[in-house]
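The following block contains the structure, expressed as structure tokens.
Chain IDs A, B, C and D follow the sequence of writing; residue 1 opens each chain.
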Amino acid sequence: MLGNILGERFMIITFGESHGRCVGVVIDGCPAGLHIDESYIQYKLDLRRPGQSIVTTQRKEEDKVEILSGVFNGYATGAPICMVVWNKDVDSSAYESIRDKPRPGHADYPAYIKYKGFNDYRGGGRFSGRLTTALVMAGALAELLLRYLGIEVLAYTREIGSISMNDVTIEQIRELRYSNEVRCPDISTATLMKDAILNAKHDGDSLGGIVECIALNMPVGLGEPIFGALESDLSRALFSIPAVKGVEFGSGFNAAKMKGSEHNDPYTISDGRVVTLTNNAGGILGGLSNGMPLVVRVAFKPASSIAKKQRTVDIKSMSDTDIVVPGRHDPSVVPRAVPVVESVVALVLADHAIRAGMVPPVIGECSGYKQG
Amino acid sequence: MLGNILGERFMIITFGESHGRCVGVVIDGCPAGLHIDESYIQYKLDLRRPGQSIVTTQRKEEDKVEILSGVFNGYATGAPICMVVWNKDVDSSAYESIRDKPRPGHADYPAYIKYKGFNDYRGGGRFSGRLTTALVMAGALAELLLRYLGIEVLAYTREIGSISMNDVTIEQIRELRYSNEVRCPDISTATLMKDAILNAKHDGDSLGGIVECIALNMPVGLGEPIFGALESDLSRALFSIPAVKGVEFGSGFNAAKMKGSEHNDPYTISDGRVVTLTNNAGGILGGLSNGMPLVVRVAFKPASSIAKKQRTVDIKSMSDTDIVVPGRHDPSVVPRAVPVVESVVALVLADHAIRAGMVPPVIGECSGYKQG
Amino acid sequence: MLGNILGERFMIITFGESHGRCVGVVIDGCPAGLHIDESYIQYKLDLRRPGQSIVTTQRKEEDKVEILSGVFNGYATGAPICMVVWNKDVDSSAYESIRDKPRPGHADYPAYIKYKGFNDYRGGGRFSGRLTTALVMAGALAELLLRYLGIEVLAYTREIGSISMNDVTIEQIRELRYSNEVRCPDISTATLMKDAILNAKHDGDSLGGIVECIALNMPVGLGEPIFGALESDLSRALFSIPAVKGVEFGSGFNAAKMKGSEHNDPYTISDGRVVTLTNNAGGILGGLSNGMPLVVRVAFKPASSIAKKQRTVDIKSMSDTDIVVPGRHDPSVVPRAVPVVESVVALVLADHAIRAGMVPPVIGECSGYKQG
Amino acid sequence: MLGNILGERFMIITFGESHGRCVGVVIDGCPAGLHIDESYIQYKLDLRRPGQSIVTTQRKEEDKVEILSGVFNGYATGAPICMVVWNKDVDSSAYESIRDKPRPGHADYPAYIKYKGFNDYRGGGRFSGRLTTALVMAGALAELLLRYLGIEVLAYTREIGSISMNDVTIEQIRELRYSNEVRCPDISTATLMKDAILNAKHDGDSLGGIVECIALNMPVGLGEPIFGALESDLSRALFSIPAVKGVEFGSGFNAAKMKGSEHNDPYTISDGRVVTLTNNAGGILGGLSNGMPLVVRVAFKPASSIAKKQRTVDIKSMSDTDIVVPGRHDPSVVPRAVPVVESVVALVLADHAIRAGMVPPVIGECSGYKQG
């Protein structure tokens, strides 16, 4: 059941359901001695939290992290770290209707067949975007580890529907991406994006978009050949986020239209370091980081839950019917997906940093420790 | 070192280098009793073989499969199956020059740093596209298993550079994709694509492109929630193919510009089965197959090895310099990548079919077998 | 970090510490549709619970199981099942003294060095026998699955110190093993064993012993060649129980003194089935179950925590010193280990039953389910 | 199919059959830069080779190692290392008879049922002791890695049948264990053991025995809590060797008869290091190495293949019958098992050394390497 596991040395397994008791994660491989800044985990959870703004679902969850194991006196002990948030604002009443009428765009139908009806269908159960809470808790921990290495991960909304942001500086990305509800560091475009989402909401519809993520101060040599390629592990993790339809690195799909002489990034020496003059590679060559910024873009489809009436079937009677999807929805999942993408990228980089031997098994020494 | 492993129940690990003794693969989990059609494995290898046409590298390899274990009297025994092809037309003389001058677009530089110079750099070593031979051998076996389930996997060249094929029927895809050197089932466009590749070759340059792959007769319920999502495992495998820069399913990146009411695929009953009227999902919902055709597109960058002089650095002296990349190259990797994409998709689907309990542990019974 | 994982298809990962907030387990791979009998899980926990009798530690824990995920309407959903028991009667005050003075026989010293002092040392932390609570919760679930296959797992105390039980019938084992505090189905010997434990307790000392476990109604063909041998996976799991020093199957160490003509179990036909006349193999040949009862014996050392003063060192001053181990202890871990051994054997057999394709991916159908 | 894999960071997967084309192993995770001393691998293979003395089978195999990948200019490259020995002296003619008449003590019967007759039954196929050749090749590599850390692994024959060796010094073990056919460092007892084996051979019978293995210069902290305990991983690996019936560490089964005050190893300071005055723990506490010598004993049953007529069944007719087992046999597997035990212990220790962060990802630097 490795399919429920992400990572090899910084490994996570998630549990919980949208309308169950909680959503949780067990992290194995966090080096002993890492200072666990609980407030940072909470900060990241708050960025993902439902009900935080006009462009998100109105489900109200406190999403307060509880650490159940693996941390002692504020430091990781080397034992598995279990963290949970409890589900509190659960309204499952609306979901009885979807048992037999699968919602278009959701996992309802294949899940019903796969599990022969035993799956927890309330709010999408295990398939709900709510499960990304687990990724954010674990990802915040991964970010704390990456800080130790100086690696910085920054995601932001690049496109909402047909609206695309203008290029901005790294500093603007760092400072401004969380300054607005849509998480776009190009402030004027952010306003347009917000309007577009609100319009879609007003129409009972939803919008998709693109999240871009960069990682700065990357070391050379993260990743492994073939199936351990950085793109392989990153894309596996990114496609585990609900609503993702595409992942591309660097030049991405545009590479298909380029010539080799345009696409190859020439090397040069700068400040005594080997760098490339362009970054079509998105920081990865042969599956290994080359020291340039990692660049990945993630396409999100428009949220499947919309207020408009849709065509579906009644599985019991095997006949065509209509559905108006119940529940409280995000008119676009993109804004809340930004911290999730950040988390997922951090998780994969942290894992590979450990695999590459760049992190000691224990970080620092406990006060009072003496070599025995 | 799970990074060198693909699959959980139909698992492969590859070995070998471009200019070493061989390229090989060990497959674990092939159900006992599967008839191993060696000629089909060879057929798929021949489709990938270098030197087969005017649009591929002129390296001449026989690439004749040898099965070293796990097959007895023509049937899988349930033990690991090891298969190799021996490298015969190796010319490493040209590669001494690249030890210190990393080729732009290749793994040379990060590999050199990661392995502190111990990696086999000849012909790209472990990072070479030659390693995809292992994927094709294993993938052919996976296809034999999928046939048992009735699943068919078809890949083809969708775009070369700026040239895009017109839509064709499934029958045309099945019959025509391997009828021309570029592996495009739209015959008239195939001619244009071939010309474009030859022009690029003439210019000492290279072209990228897009390979599309569909899987037909998909059962409902392949895949697992979260990290075992079908998109997750497919993308991980696809990004392990050298030169891949992007992967998208169904509507893919275009989904970002759509509204929910456009994107959601409505359900209906057809011939007593639940189907969707459109297939923006590309056959996957919540990470699970929904019974509709699987549709995935893979963007390939232009081949990194080009005849033109390129800017690089000399690592020994840490100074700027030029390089003309030695060796024999593909002006576009796309045509030879088509059977590789087919193989990789087949490997992932075979693994998930076993994981979903759709394949018995032993297929059929050996002649003469009696329950003891 | 697969080292924290047991099993491949029925997989568990544990978390928690002796004096932390809880002990928990996540089980992945439990087939959807398995009826989760919470009262059976609690029954098994009660058999392991501290403070239950005069021969166990006096730490009082309610050890009431809480299921946090993966169960809906009383049935497994196919999603990971997380279960916890909360630690309530924690008295860590006594443990400050052991930070610098490692207790003989415990993990204190190597854990201190390995984790550079960051490990949670209170009550042994992650190394405490309390962690076996997680094994019992998961093992009870595995037993529920094995019942579905008709497999029965029975463990019992074979020896305490120098006192060995007489052979009894299967029926006696089934009925009587939990009828007394020492879990020995030979009632008269059980009394002697209890006295021996109480004498050791009175002396401030402890006793070891041997737990035997049998599995009845075994199918033929559980297990896999080489590293997936049933003995391999069982021994790995059994040695994860604290205080285990030896594991043997069937004839075990006595086999070393036998001749092949004595040891080989001759086959015969009985009631139309292939059986062996003796069972020196302990039900396993070539790593595979052969249909005869599985027989495994597990040697436990005497509990390391004793009231007597012992010689140790002060790590801070690197000088010799004495210690009287604080805390509340079991004078013999064997009686409480019996349900743990049962659990661990059940976990491995359940995993192998799924791996061998003997369990459908979904057990039964949900009321109201209709094939879509 | 992790069941065919040993190790997590120094990982091996084996392939091949007794009477197939070869026996091979793929090792993943060998650090780049390790000097691969092919002659040492061959030396260890020669110690295991059949036909080497009067007490072994007369099958003649050259067992010459061929390295197919992962080594370049004599050093590991960081890529998977594939090694094979080719089977040459195969005589399968005798094995037709066993298809329907399972040999007592062998895997024939459960394998036939598990694989429904598709398994390669010749010479035991995948279940043959010949597969340990793969363990020895990989183990030799592991020993080369352990040398880098100063760890030394020494196995030797402790008992043959009822004959037990006298205690000898470490120096005698190191120098004398391979000086005689039975691999016992107590020379005078070795002669008695040899006679006992020859007597058994003369009688058409076989003998079992015990192999003891010690590891010297152990670091503190190898191993991980719970399922990654050193005993767990060692026992899993040791039970994968055919004919093993029991594994014990330190005091082992004898611990069951001891009191805590006798069994606990007191700490003291010696030469500025923390050591224990006794070693009942066998060098492992809480699953972690404590710096004292690792001590493990492995019980081997008498070889199952004997010349005497034995009782079995005919599976086709489901009736009782007799069998005289064909083929060439070892009258005791113990002497040839000694280097296998050494290999298996080395494999587990090498894996854990890497997992514990005690080995750099690359050992040394390649001549000519410069940080880029």
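Assume a residue touches a chain if its C-beta (ideal position, glycine included) is under 8 Å from a C-beta of that chain, and two chains touch if they have at least 3 such contacts.
For clarity, every value in this text was computed on a predicted model and none was experimentally measured.
Asker: When the contacting C-beta pairs are counted for B-C and for C-D, which pair yields the higher total?
Answerer: Higher contact count goes to C-D.
Asker: Same interface as A-B shows up in which of A-D, C-D or B-D, over half of contact pairs matched?
Answerer: C-D
Asker: On a CA-centroid basis, which chain has its centre farthest from chain C's?
Answerer: Farthest chain from chain C, going by C-alpha centroids: B.
Asker: What's the distance between the Cα centroids of chain A and chain C, rounded to whole Å?
Answerer: Taking the mean C-alpha position of each chain, the two centres sit 38 Å apart.
Asker: Using Cα averages as centroids, what's the distance between chain B and chain C in whole Å?
Answerer: Between these chains, centre-to-centre, one finds 45 Å.
Asker: If you average the CA atoms of chain C and of chain D, how far apart do the two points sit, in angstrom?
Answerer: Taking the mean C-alpha position of each chain, the two centres sit 27 Å apart.
Asker: In chain C, what residues contact two or more other chains?
Answerer: 1, 4, 8, 14, 79, 102, 109, 113-114, 126, 220, 225, 274, 315, 318, 356, 361, 372
Asker: Considering the complex alone, what residue numbers of chain D touch chain A?
Answerer: 79, 220, 225, 274, 356-357, 360-361, 372
Asker: Using the touch definition up top, name the residues of chain D that touch chain C in the complex.
Answerer: Residues 1-6, 8, 14, 102, 104-107, 109-111, 113-114, 124, 126-127, 131, 159, 161-162, 200, 205-210, 220-221, 223-229, 231-233, 235-240, 242, 244-253, 255-269, 272, 274, 276-277, 280-282, 285-291, 299-306, 308, 310-313, 315, 318-320, 355-356.
Asker: Quick check on the complex: what are the chain D residues that touch chain B?
Answerer: 1, 4, 8-9, 11, 13-17, 20-22, 24, 26, 28-29, 32-33, 68-70, 72, 75-82, 84, 99, 102, 109, 112-120, 125-126, 313, 315-316, 318, 361-362, 364-372
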